[in-house]
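One structure is given below, represented as structure tokens, and several questions about it will come after.
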Amino acid sequence: MEITLTHYLVLSSVLFAIGLIGVMRRKNLLMLFFATEILLNATNVAFAAISHYMGDLSGQMFAFFIIAIAASEVAIGLGLLIVWYKRTGKIDLDQMNSMRG
Amino acid sequence: MELYLYIALFAPLVGSLFSALFGMTPKTYLTGYIASGLLFTSFVSSAILLTYVMGGHTVHVEMMTWMATGDLYIPFGFVVDQVSVVMMMVVTIVSTVVHIYSVGYMDHDKGFNRFFAWLSAFVFSMMVLVMSDNFAGLFIGWEGVGLCSWGLIGFWYHKESATWAANEAFIMNRIADLGMLIGIFMLYWNVGSLQYDVVFAEIGNLPIVIITWIGIFLFIGAMGKSAQFPLHTWLADAMEGPTPVSALIHAATMVTAGVYLVVRANPIYDLIPNVGLFIASLGAFVALFAASMALVNRDMKRIIAYSTLSQLGYMFVAAGLGAYWVALFHLMAHAFFKALLFLGAGNVMHAMHDELDPFKMGGLRKVMKGTFIMMTLASVALAGIYPFAGFFSKDLILEVGFVEHHYVIYTVLLLTAGLTAFYSFRLVALIFHGEERYKLFGIHPHEAYKFMLVAMSPLLLLAMIAGSFKMTYYQLVINLLPSTQYHVHNEVTFWIMTIGTQLFVMAAILFAYKKYSNWNSVPDGSSKMENSFGYKLLWNQYYIPKFYEEVFSKPYLELSKIAWKQIDLKIVDATVDMIANAIYKTGENTRDIQNGNLSTMLRWMVFGLIVLLALAVAFTVGYNAVSA
Amino acid sequence: MFEAIAFYLFAALTIVMFTITVMTSQALYAITAMAAGMIFISAFFFILGADFLGAIQIIVYTGAVMALYAFGMMFFDTTRNVVEKRTNPQIVFVLGVLAAVMVVAIFVAPIVSNNIQALYPIDAAIGNTQAIGMVLFTKYLVPFELAAVMLLVAMIGGIVLAGKKMDKSLTLMAEEDIGSMDDSIEPQAGGH
Amino acid sequence: MIDHILTLLIFFPALAAMLGFVVTKDSMRAYGIAVAFIEFILSLWLWYAYDPMVSGMQFMESMPLIPAFGINYLLGVDGISLFIIILSTFFTLLGIGSLTETRHVKNLIITLLFLEMTMVGVFAALDAIVFYVFWELSLVPMLYIIGAWGGPLRIYASIKFFLYTFTGSLVMLVGMLFMAYFYYQATGQWSFSILEWYRLILPENFQLWLFAAFFIGFAIKVPMFPFHTWLPYAHGQAPTIGSVILAAILLKMGTYAFVRFSLPLFPDASVFFMFPIAIIAIIMIIYTAMVAYAQEDIKQVVAYSSVSHMGVIILGTFALNVEGVSGSVFLMLAHGVVSGALFLLVGVIYDRRHTKLMSEFGGLASVMPRYATIFGIMMMASVGLPLTINFVGEFLSLLGFYKQSHMLTLTAGVAIIVGAIYMLSAYKKAFFGTVTNEENRNLKDVNKTELFGLIPLVIVAIWLGVYPKPVLGPINNSVESIIQLMHDKAQSPEAKERIPNLSESKKIISMKEAN
Amino acid sequence: MLEPIHVSLASLNLATLAPMLIAIVGALTILVIDLVKGGLHKSLYVMVSLLFLLLDLGSLVDFAGVFLKNGTVLGFFDVMLMDGIAILAQIIIVVGSMLFIPLALTSKRFHEYNYPEYFALFLFMIAGFQFMVATDNLILIFIGLETASLALYTLIALHNRSKSFEAAVKYFTMGALAAGFFAFGSMIFYAISGSVEINQIATVLAEDHYSNIGYVLIGVTFMIAAIGFKISMVPFHTWTPDVYEGSSAALAGYMSIVPKIAGFVVAMRLFEFMVHSGVVWLQVILYIGVVVTMTASNIWALVQSDVKRMLAYSSISHAGFVMAAILIGTTQSNTGLFLYWALFSFTNLGAFTMLWVNRQKNLLPGQSSDHPYEKFSGMVKTMPMGAVMMGLFMLSLAGIPPFGLFWGKLYMIGSAVSAGYTGLALIMALNSAIAGYYYLKLIVFMFMKDPMVGYEKFYFMNASLSLKTIIGIAVVGTIFAVFAVNPLLKVITLFVYNSGY
């Protein structure tokens, strides 16, 4: 039984879907951010796989930059959460509804 | 001669404008004098023109262009020919008399100045009507007299009935005017011009169907102005106006415009005898119909109005049967004696403080000798007793009917002649004879101003002697009108007819006198006759006004309200608003998509993705299926 | 055969770990599971011959990112049971599963292409890290530098946002108050 | 200067309006009158300099605006637009002169001057986009006038007015773009010049669609049934001056546009849609007349009467012969004068009593005789009495359409009956009878300011009714050229037949004259 | 062993980096200045930023000249792509930024302007956008996008009130999701083409005759979601109103213009070749997306009670309008896109600046947002010029001629008509009509209602000379747009056409 690119793509999709579920499901913002990491990681797996099966390095580069992006996002995201938390003492997104309509 | 033409035409306008200047200011006799003076000038000019025309000439001027576009060319053109000059004479004579009379009649009225403005304006319009050399100009006058009639019927605008009657008259005339307008359109598109001379020259080349339609539409116009059935109801209601107005407009001039139109358009009607027969039949019917309503009416002016209507019927019989000159002759004679009758009635009204019910009068001959004489003679003329004017004109129409072998029409007209005599003298008897019933109402009647009586005298004179102009007139108008002579060829028949008619009429007069000259009570609606079906039918004018009210006026108002409140507001406008509201409501109802909750927002994003994915998958499947 | 076993093993592990991350109500479990999941993902990288990527994955994710999150967790005091209000949980799963199913439905079809040419071919003779370095500093130099800028931005942003100056809000203070309190760093209840 | 008189006419009021911000409140009226007067004189000068024998465009001005997209600043007048321009300046002068509004007069006059710019602009524009610019821009001042000086429902009314017409004209804009695109396809060049478009001969099915697109824009503006419901609100709520300008000028934009665009651009479609439109016109005439009859508010009577009269104008326009089109153009002017005057008159009584309900009045004729007289004259003009300005237009319009359909004209002719019914009954309710309401007993008759607006209108209404030639002549020449153009462009045999070929009849006439 | 690679410096075309580098250097300069001496007034930073942006613009103009002479310039191993639309978009980005930066010079003090970092981040953000448009490499696009976005999140939050945090967090979270979409989408394109460069992808797809249609569509789906988020297409728009409301009006106005043009350029690069190669599905999807975006946001804008939120929805609608250009995909429509956006920039600049100068520090009593309609009630009586100008901007947004945006709409609808999209043209026209209502609503409030007692003191409370200057520029730009349209059209057409769009 040979593992093909398709296997990896399917795996990637499943992981991505898990991430999506997390994004939609989580109300705690911190844990929601976890889910966004899963999304990016899922993509990374696929990139690496495609890169491998095609014998091309660009995919790995893309994954590399995605990791960098993920790291930056964490910094900003946590910064935002900190100010928000300092103001309200909560990080539940249900509390954030002063604007609507 | 053109100068006289312009003077005759525009003098009344000047008088009108002059009076209008004082329209808002308190009464001044100046307006009355000036207006009357200018009308007299107009009369003199007309007379001069008459002599000129009698010399075998005509005057035709084109003052200026009115409308010109495309192939249409309508000038202000005026023609004084044998027919129009007769009408001009009639108009100017009667109106001069009425003007002078009105100075007295309207003496106490606040709207004195305004009255003369309207009255002179009317004369001007009438002059335009008769003098125009084309149908459009005729239509100007036609509508103009309608306007002035509206202003004069509703002269006492604070009276609800007067303004109602004014509007009724105007609107009814408008209905007919539409017909006339269509007739004019047809003429233009078929002939290419509206000038009388062109039209009459070319009309023969048209298919008979078109001529027939033209004739019908033009006659519809005439029906409105001359109050022929079924557009007759306004005339009786128009009696709400001041009496001189009734005399001038609703007896002598305006209502005869219809007859004038038919006479003027004789080259058209000559080609379509069937329409002519219809006109004649309608005329005969109206003659009888109107006379019957006059029999029972208790309003002095309305009785005279019905009589006018009836006489118009006679004229149409003549015109319809092709005896245009006869129609015109009766028109002229009728103008004199009917105006006289009305003015007399005005005197009586004045005396009786605007009381109109002859049953409340009686015995007035003692206080109003002059009026009595004049009205009696006018009635005699109306009844057609030799040698008064009516005899010459009216009996001629009977003869026309007979000669043309329309015996039904003849019979009807003969019967009507009897009825005419009856109701005329019923009126005279009730007013001037019998007990002085007015005393019951505490009225102190008095004779009118002397100058008013003097002013009326020319009419009296004409009513008596107009018949003697018959041959002069005939010689004049046959230049334009068909010169058929109507003689019963059999001497015996002729004499039997003439004398028979005279006797019949006399009998009617005597009957009227007998029945009413000793009347002594005011009917209160309880008598047996008053409760009979026939009486009620006549009294209610065959229920026609009521019928119009119920079938046209009220439903129209109701329909209008429905159109506004139900259709316009609830359907048309509501649809527009509904669209706008639907859009707005959609916004209101869906704005919660953006409920401010981050989780929902994220879900919407994923939802959007999924929808697109689903479409993508569906498309892919379909695409593969197709390509496979 | 080994490859297959490794794939299925790690696939199962990552899926389980990430599922725990997403589903658990214990923040500590979640973060631990995620860290584990990321390590398992690095295993894929190694399997696929992307050694450099695997190393980065472990260092950056499990090292830096997880440390940040752990810090955050402590700061926000979410080590305990996290109570989350659930609204329409079914929809979430339906949408998630639908997404997976549909993407997978397409992905099961193999990619047919004769025209793919590797622009930067992997040369077995050259080490992965070396090859990456070669590409990174030629072709992807600009993205690389920009990534540096991005990290700088993130750093500045993080510092500024978390800094003490944010504790009082000039936006909400009346003008006259600002002048007097310009240099005092006393934390103010920010209001809202 | 005469070369650029149209530019001057368009932008002088706008410039003056901007300078008007500087003028103090007290002298604003005088300033406004002065500006409007100068503008009016300029427009009269235009008339003086206009050569009535030339049927084409005169005083053409051209300046590239967006040549890359074929948009040029292109102006010109012919006999059709000339008089509507004069009417616009005339009414602005009268409107400002007889202004009785006291609130924020400065803003009002500035707005009016801007409005004047847009009105003149619409009628002078020969480029579709320039036309559209002014067309849309005219909504703004009117929106403000209705919304800021209007009655209690003013905001609803103004928004309805704006959005309704705006929507319609956007559809029209799409039509214009299509037209330009066709031109582009035909010549490889973008152009929005109407005169260039005249040269295009479009396939019939395209004509139908484009006609429909333009129609929606114009029909809402006119307004034609069933798009008319904004009008009663707009009139009902607008201040007097707003109603006057709206009725006198703004509505004419729609009918003018029919003559300028729809007819010459789409001759086959015009013939194709002739009868449906005629039926709509007849519905407008009769139905709205009935609605007018049912009104309780005298201003609404006049408002609905406007719609009714616009029906006659439309009918005349779609007669597609010289008589009808000339008549309808003339009727545009006539209706402008008459309805403008009627709205001024309604304003007079509204200023005194602050109500427009007819039931509140009655017997005004004895209290305000001068007022009643002027009202009566204008009412009779509105009813279409001969020798008043309206009659000429109505007569010609109906006459023209009679050529196309006898039955429809007969039905449309009912206009003269129903028109009389609602007008007379309204007049009767308000002016006749005895004074029953104590408040009416001491009303002042019209004053000098009001007469300033009314007297000229009375004079014009009668003068042009008696002697329409100076106006009708130039209109006739220009209309003839349009009709001839339509005939030449028409493709379907029916259109060829329905649209008369003037060059033939001209020949015959000249032969006749030679003989 | 790996052989050393010899790269000639000339072939790198280092100049292609110049515009972005200038912005980055500017940002760094600001940081250095702050390091050297803290506590300097914001005006200094504004001026420094302007200066660098001016340099940036200068280099772009220079590039424009080069482009016209030599055509597209590639640089840095073909990562950098300076074609016509890149230059145009960058010019719009830089000019837009230059117009918005002076809005920091308010008379009232707001929190963010106390930070030199604010200006540094602003310039970083600009650089990020510039990178985004000046490449067709998905990686660089992604990083540029993220750089700009991360900076933007921070800028929003720096306004420092609870609403702005809320806005930033919402924007950030959704942005993270969108980033995931972008990555996944790129992955799919990479999988089917073996490349991350759009022109390569296009080539490969064309050579394959789109045989992997399923992959293509899934990839496009994710890309639409990602870019749709950036340019706020329905239903990826939900952040827009909240973020606009939460951030300062100055930044909201900025967001309505600059990030979106970057997004449009990416969308153009990514989608247009597919539209042209007949992926019917994409045409349908874009058609639906455009129509739904225009219509739905218009409808929601109708019911707003806050002017800024209304403008947010209106900008979504305008974005939908412009997306139509990508669907139509002719040179004319792409030209229209840039023309529209250039004109839209000026008008929206004016509208948001008007909000900004009328910004009070605390909420009005009884109101829950900064700029409720009631605040502008009767403005014509207390602040006539202000009301007239605001009215002008509203009319322009509504598309009333002859103000700026009308010409954009005209050209866009014209391009739809000439490409045979008649239905679309009609929908665009009718949407403009619906939009008329809510713009009109503000005019109604300003001109037809009576002033609220005490509100007049809030008018122009935040005004300063520079803000007024900006408004003046916007007014001039809006009124006299008609004279600018022709040169703009010519230039844009030249650029767009020569870039092959």
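For clarity, chains are labelled A, B, C, D and E in written order, and residue numbers in each chain start from 1.
Here is the rule we use: a residue touches a chain if its C-beta (ideal position, glycine included) is under 8 Å from a C-beta of that chain, and two chains touch if they have at least 3 such contacts.
Small disclaimer: the values here were computed from a predicted structure and weren't measured.
For the pair chain D and chain E, chains touching both partners: B. The minimal number of chain-to-chain contact steps leading from chain B to chain E is 1. Ranked by C-beta contact pairs, the top pair of chains is A-C.
Of all the chains, the one whose CA centre sits at the greatest distance from that of chain C is B.
Taking the mean of all protein C-alpha atoms as the reference point, the chain centroid lying nearest to it belongs to D. Between the Cα centres of chain A and chain E there is a gap of 26 Å.
Remark: chain A and chain D have CA centroids separated by 65 Å (rounded to whole angstrom). Between the CA-based centres of chain B and chain C the separation comes to 99 Å, rounded to the whole angstrom. Centroids built from CA atoms put chain D at 36 Å from chain B.
Shared interface positions of chain E, defined as residues touching 2 or more other chains, are 139, 143, 146, 150, 153-154, 157, 160, 162-163, 169-170, 173, 177, 191, 194-195, 214, 217-218, 241-242, 303, 437. In chain C, 91-92, 95-96, 99, 102-103, 106-107, 111, 116, 118-119, 131, 139-140, 143, 147, 150, 153-154, 157, 160-161, 166, 190, 192 are the positions where the chain touches two or more neighbouring chains simultaneously. Of all residues in chain D, those that touch two or more other chains are 163. Taken pair by pair, the chains that touch are A-B, A-C, A-E, B-C, B-D, B-E, C-E, D-E. Residue ranges of chain B in contact with chain A, taken from their complex: 591-592, 594-599, 602-603, 606.
On chain A, the positions that touch chain E within their shared complex are 5, 9, 12, 16, 19, 23, 29, 32-33, 36, 39-40, 42-43, 46-47, 50, 54, 56, 58-59, 61-62, 65-66, 68-69, 72-73, 76-77, 79-81, 83-84, 87-88, 93, 96, 98-101. For chain B in complex with chain C, the residues that touch the partner chain are 599, 603, 606-607, 609-610, 613-614, 616-617, 620.
Chain B contributes residues 580, 583-584, 586-588, 590-591, 593-594, 596, 598, 600-602, 604-609, 612-613, 615-617, 619-620, 623-624 to its touches with chain E in the complex.
Those residues of chain A lying in contact with chain C across their complex are 1-11, 13-22, 24-28, 30-31, 33-35, 37-38, 41, 44-45, 48-49, 51-52, 54-58, 60-61, 63-65, 67-76, 78-83, 85-87, 91-92, 94, 98.
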